[in-house]
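Next come two complexes built around chain A: one with chain B, the other with chain C.
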Partner chain A sequence: MRILAPAGFQARTAARKRIHWTPFLFLAPYLFLFVSLRLLPSLIGLTISFTNWSAVGVPQWVGLANYQALFIDPRFRDALTNTVIFTAMAVPALVGLGLAFALFLNQPHQGRGLGRVAVFTPYVIMPTVVGVLWTWILEKDFGLLNVLLGRQIPWLVSPSWAMLGLVLAAVWSMVGYNTVLFLAGLQDIPAELYEAARIDGAGAWRSFWSLTLPLLAPTAFLVLMLTIINTFQVFDLVYVMTSGGPGTSTLTMVQYVYTTAFQFFKFGYGSAVAMVMFVILVIVALIQTRAYRRGLESIY
Partner chain B sequence: MRRRNAITATLWYAVLAGIVVVMMAPVAWMISTAFKPELQILTTQIRWIPDPPTLEHFQTVLSRHAIWRWLVNSVVVATAATLLVLLLDSLAGYALARMEFFGRDALFAVILSMLFVPLQITVIPLFLIFANLGLVDTYAALILPVGANVTGVFLMRQFFLSIPGELEDAARVDGANDWQIWARVVLPLARPALLAVAIVTFLSAWNAFFWPLIATRSDAARPLAVGIAQFLTLRPGLAQTVQAYGPSMAAATIAALPPILFFFALQRHFIQGVSMTGLKG
Partner chain C sequence: MQTGNVRWMSLLVIVVLLVAGCAAPVAPPAGETAAQQPAAPEGVVTLEFWGGWTGPDANTMQAIVDRYNAEHPNVRVNLSMQAWSPLFDAFIAASSAGSAPDILAMHPQELAQFVHLGLILPLDDIIANSEVIKPENYLENAWEGNKVDGKLYGVPLDLHMHGLFYNKAAFEKAGVPVPPSTPPVNRDEFMEMAKRLTIDANGKSAAEEGFDANNIVQYAINAHTNHHAFFQWWSLYNQLGGQLISEDGKSCAMDLDKAAQAWQFLQDLVYVHKVAPQGQTDYPRDFLDGRTAMLVDGPWRIPQLEQAAAESGFQWGATQYPNIFGGEFAVWGSGHNFTLPSKADPNKQAAAVAFLEWMAANSAEWAKSGQLPAFKAILESEEFQQMEGRAPFIASMPYEKLFPATPKYNEIFASNAPTPMMVMAQRIMLEAADPAAEVKTACEAISAILATP
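On to the complex of A and B.
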């Protein structure tokens, strides 16, 4: 004991001396990549959006000109509208079905593991493959869906159906993710609460409305937020299935960023489109967080 | 009561069957089409089992496209990116969770704030950076940006916050330095968190499309996700879909089966990993 105590003390003081630089050595490799490939690019992106930078020539500072041009750009308006429509169609389906699947698969029956695997499998297939697969399923004359329906719906080749076709593929491929998140949320609710509710005479519906739903609110909030962010940035499926067409009927924001920046090499303008997306996402996140807080206050 | 239970159970199984069929039918249809002779593809007759099954579409795809190369590229990139993230994020996450230094919380806030910045904003500058370094169309261009991710650091930090400090104190009394504590005490405990980060990183690197589409120009580094996407765009005219679907589905099957089998083998870890990053990221 007499020997150990000073030794431990020494070790601790030594650690205190090193403390000034050891943390930074631990952080350095990550920070190097984070700063150079994430933080700086974000700031550069903001800066570029105020210039007329393209692949050739010297970039010039143009102030807000790119943003002003966006206002009267009909393709940008289409991209924004389409993205909002896609989000408005896909989000309720993804969140609603995800919740329904999770509630269903949370029932204590054998075989729910199989259901969970089936629901999640599409999520592990890469989105571009999902796009190729669904282009075939939605084919007008011989696609599986039309054959089953006994109709010839022009899913991806008509402007009025193309968006719905994309939504179908997106919901199929991503609903498993939400289901898994909801299932995790459901399993976090302590079983004793249901036991207590049952003893107090609450039926299945009553405990669902008064226990499950309120306690699932944090999960639902998170799932809603993630789903909005993900669907708002839809790109892979659009790129493969419609390339934004027919016409501009499925042109989305990210697709527009891609075309302006990497097909027409208007880096400044493309960055401005991306910045608008960022601002919209932040606003949505802020509104949701406020609504969520207010909702929580009204529950408790 | 018992009869009512039996009825609900039967109903439950009927719905389960419905869900399984709807979710798995597209996958089954993909595999089925891939093995079908040409004449059985473009027909309004639904036939699930090809008769006779054929490998011609696989031969077509493999002879015309560098699909093995894309597969190798995807495996190399996703594996390297995962190892990189595991190393960097477990180091950084440990420092952020367990060490005290000036500006730690501010630094963590800056890292977290990048979660809200969509990747599309960074993609244009990233392209310019890698073009200037002459690294476009290389593995480095695909791997390094994954190392700048936020979720991995966040998850590792959360995990390290949850382990009791006495273990580290004991190791320190025994004379271990910070590096030894990290490598011998903390990392072995972090296996569940490391596995979750590994699965999620691998899956997202494997599926990544937007950046790889921009950062690759040839088959040398092109990953599967990008290669497959060009299948439909490369087909000769929209009208001539006659020849496209067999080979497309063969390619889709080649690309989809490895992750599906991987998922079947590791399902519990997969689902845990994904729900962890979702709920806490």
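On to the complex of A and C.
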């Protein structure tokens, strides 16, 4: 079996004569799912966003009308603003706490196993269940959180508190995933490096700043990227806990896509919102990748 | 290992995955109920019946359908239930896939948008020969509420509207006489009750000197912060004789002064008179636990109150929704109906009509869920009229005001979306926003929605 062909003209002609199908066969299940469940629906969505399709009947081409309407739609502006606020609040907490938990749970101490389970368990609970659970925790009069705080904060029924309530629930349910990723990153750092640092006279802080953080940078980048993408697409929690309310205070982008498409039967308009969201996420990802490359260059 | 083997195994894996992927059945809208039903034998007409009941009324409806199936061996009605909003999502998806249910329950005000999408059959021809489903057998406003552009699209099942429940013990303790079940109390009577039933930590009522508004232990009445807030507004606005949508259905026709006046009354209960709590979420629980002495809610609450009475001796009574503005009484209301989504199988249509006829004749069973039957023979029966707590609701039936039928119903009224009505209600009731400004904003938003084709 010849997989690695020698470089050069001869090999290329050989490759032209005989295509190696095996790698493609291994890729095929993923590619099939990717194309059928991601790529095609996205392309169909893009097409629908130029129509006034209402899920039944024949869609009519309306050109850029949906996109034009977006710019003057106050609800779309609310959704975009709220999503940015939610992301801005949740991402630092998710990344910071994820790292903190990982550092703590990477230490050899008694509660390590239990701690790892406790931090990760919320992540495997269905978001709808998390939503119902947190609706109770955040209840104004008898909710666990208010009882603990000894106050009566109207978490989900006040436009000024509702977003924070959602962020708490989101951080609780998603931080475990980041913790696990950070833990894996930490365990990839060779112990010899710490040993060498210690011999050179570095204290705990010094080795954290000069060893752990730089070597964790690739993991941190991955975590940051995934967290931004995930929080930007928050839906289940919003749907269960507030439906975007009170008023429009927690209306997020995906909630608005769902609302316009599935509740108002405006699939064309909903698709346009989704496309705008897609473009925003691509731009964010590009900026991050670029910043990451530059960051790596400065470290190494 | 031979390359050939690898290839074949990969291929096998792919085939298995593909088959597994394709064979996954389309999920039926309801979990348990659909799964339990075995396949119908040959020669039996199967009717798919979807409804959005998820509370105790789901069990009531299931029991009724089970009885029908037991009595009719040639027909099998498969009842699938899930909450209304996802039910309609599933309905839209199923309709575009050509597998709409044979019978779909909904609320009359939702009809127009599905009719507009071409998903519901007009019934006039289908029921032409029915001896049971005829206008004279139904309450007039229930029947008329199922018409869109003059054509009948739904068969009414029941009506429901707001009423006023009260805690007898709280009235007794405050020395306030309980209101009669009819007629509705007027504004002065209502405010008198409201003030005397709002009690602070020192036992003083809001009607007394030295009342401490910062330490209230019992409020007189709940203050809705969900869609029921604009349901209440609709009652009050209609008592002032308001209209919402223009005759041509293309713009908002709200009388802004009256609209603001109706909101002001509700807002003042919370922020000026302090007889209703701010930011309330669980109205029935607060009522049952004695934190509010009265509860504005619909007859669907009755079974829960009956249960509390049986289990813990909770003493409750009911009267009509108050007539605050003194003109002709009006109260928000809605109901349930049956529709036949587009399908051209005459066999199934005939079976569906027969099922709906039987439902009408047996709607007394359904009335136990608290709903008020729209079928006159049952509504007027001794058995129903005697049921506890129903009298004020029955008296309100002719005064029930439905939301206007518009193809844009969800865009204006949906309760779990940032619709103009929800935003207006929550801004006014939760943020104490100025009603005059909010009704203007809402009216402009409604006009914009109605103007788009």
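We take it that the second predicted complex is superposed on the first by the 260 of 300 C-alpha atoms of A that agree within 3 Å, B and C clash if a C-alpha of one lies under 4 Å from a C-alpha of the other, contacts with A are read in each partner's own complex, and residues count from 1 in each chain.
Here, contacts are C-beta pairs under 8 Å (C-beta built on N, C-alpha and C of every residue); 3 or more make two chains touch, one makes a residue touch a chain.
The structure presented is a predicted model; accordingly, all values stated were derived computationally and were not measured.
Visitor: Could you tell me if A:154 is touching chain B, chain C, both of them or neither one (first, second, both, neither)?
Guide: After superposing on A, A:154 lies in contact with chain C but is clear of chain B.
Visitor: Does the superposition put A:26 against chain B (first), chain C (second), both, or neither?
Guide: both
Visitor: A:262 contacts which: chain B (first), chain C (second), both, neither?
Guide: A:262 contacts both chain B and chain C.
Visitor: Look at A:61 in the shared chain and tell me whether it touches chain B only, chain C only, both, or neither; answer first, second, both or neither.
Guide: After superposition on chain A, A:61 lies in contact with neither partner.
Visitor: Between chain B and chain C, whom does A:38 touch in the aligned arrangement: first, second, both, or neither?
Guide: first
Visitor: Mind working out whether A:129 is in touch with chain B, chain C, both or neither, as first, second, both or neither?
Guide: Touch status of A:129: first partner only.
Visitor: Taking the superposition as given, does A:209 touch the first partner, chain B, the second, chain C, both, or neither?
Guide: Neither chain B nor chain C is touched by A:209.
Visitor: Tell me which partner touches more residues of chain A in the superposed arrangement, chain B or chain C.
Guide: Between chain B and chain C, B touches the greater number of residues in chain A.
Visitor: Considering each complex separately, which residues of chain A are in contact with chain B in the first and with chain C in the second?
Guide: Of chain A, residues 22, 26, 29, 33, 139, 157, 243, 262 contact chain B in one complex and chain C in the other.
Visitor: Within the complex, which stretch of chain C touches chain A?
Guide: Of all residues in chain C, those touching chain A are 3, 6-7, 10-11, 13-14, 17-18, 21, 85, 89, 92-93, 95-96, 113, 117-119, 225, 278-282, 410-411, 414-418, 422-423, 426-427, 430-431.
Visitor: Could you pull out which chain A residues touch chain B in their complex?
Guide: 4, 7-8, 11-12, 15, 18-20, 22-24, 26-27, 29-31, 33-34, 36-42, 44-46, 48, 101, 104, 107, 109, 111-129, 131-137, 139, 141-142, 144, 147-148, 157, 172, 176-177, 180-181, 183-185, 219, 222-223, 226, 229, 233, 235-236, 239-241, 243, 254, 257-258, 261-262, 267, 270-271, 274-275, 277-278, 281-282, 285
Visitor: Which bits of chain B are touching chain A when the two form their complex?
Guide: Answer in residue numbers: 9, 12-13, 15-16, 19-20, 23-27, 29-30, 33, 41-44, 46, 87-89, 91-92, 94-96, 99-101, 104, 107, 110-111, 114, 116-129, 144-145, 147-148, 150, 153, 172-173, 175, 177-178, 182, 203, 206-207, 209-210, 213-214, 224-226, 228-229, 231-233, 238, 241, 245, 248-249, 251-252, 255-256, 259-260, 262-264, 267, 270-271, 274-275, 278-279.
Visitor: Once bound in the complex, which stretches of chain A touch chain C?
Guide: That would be residues 1, 21-22, 25-26, 28-29, 32-33, 54-57, 75, 78, 139-140, 154, 156-159, 243-248, 251, 256, 259, 262-265 of chain A.
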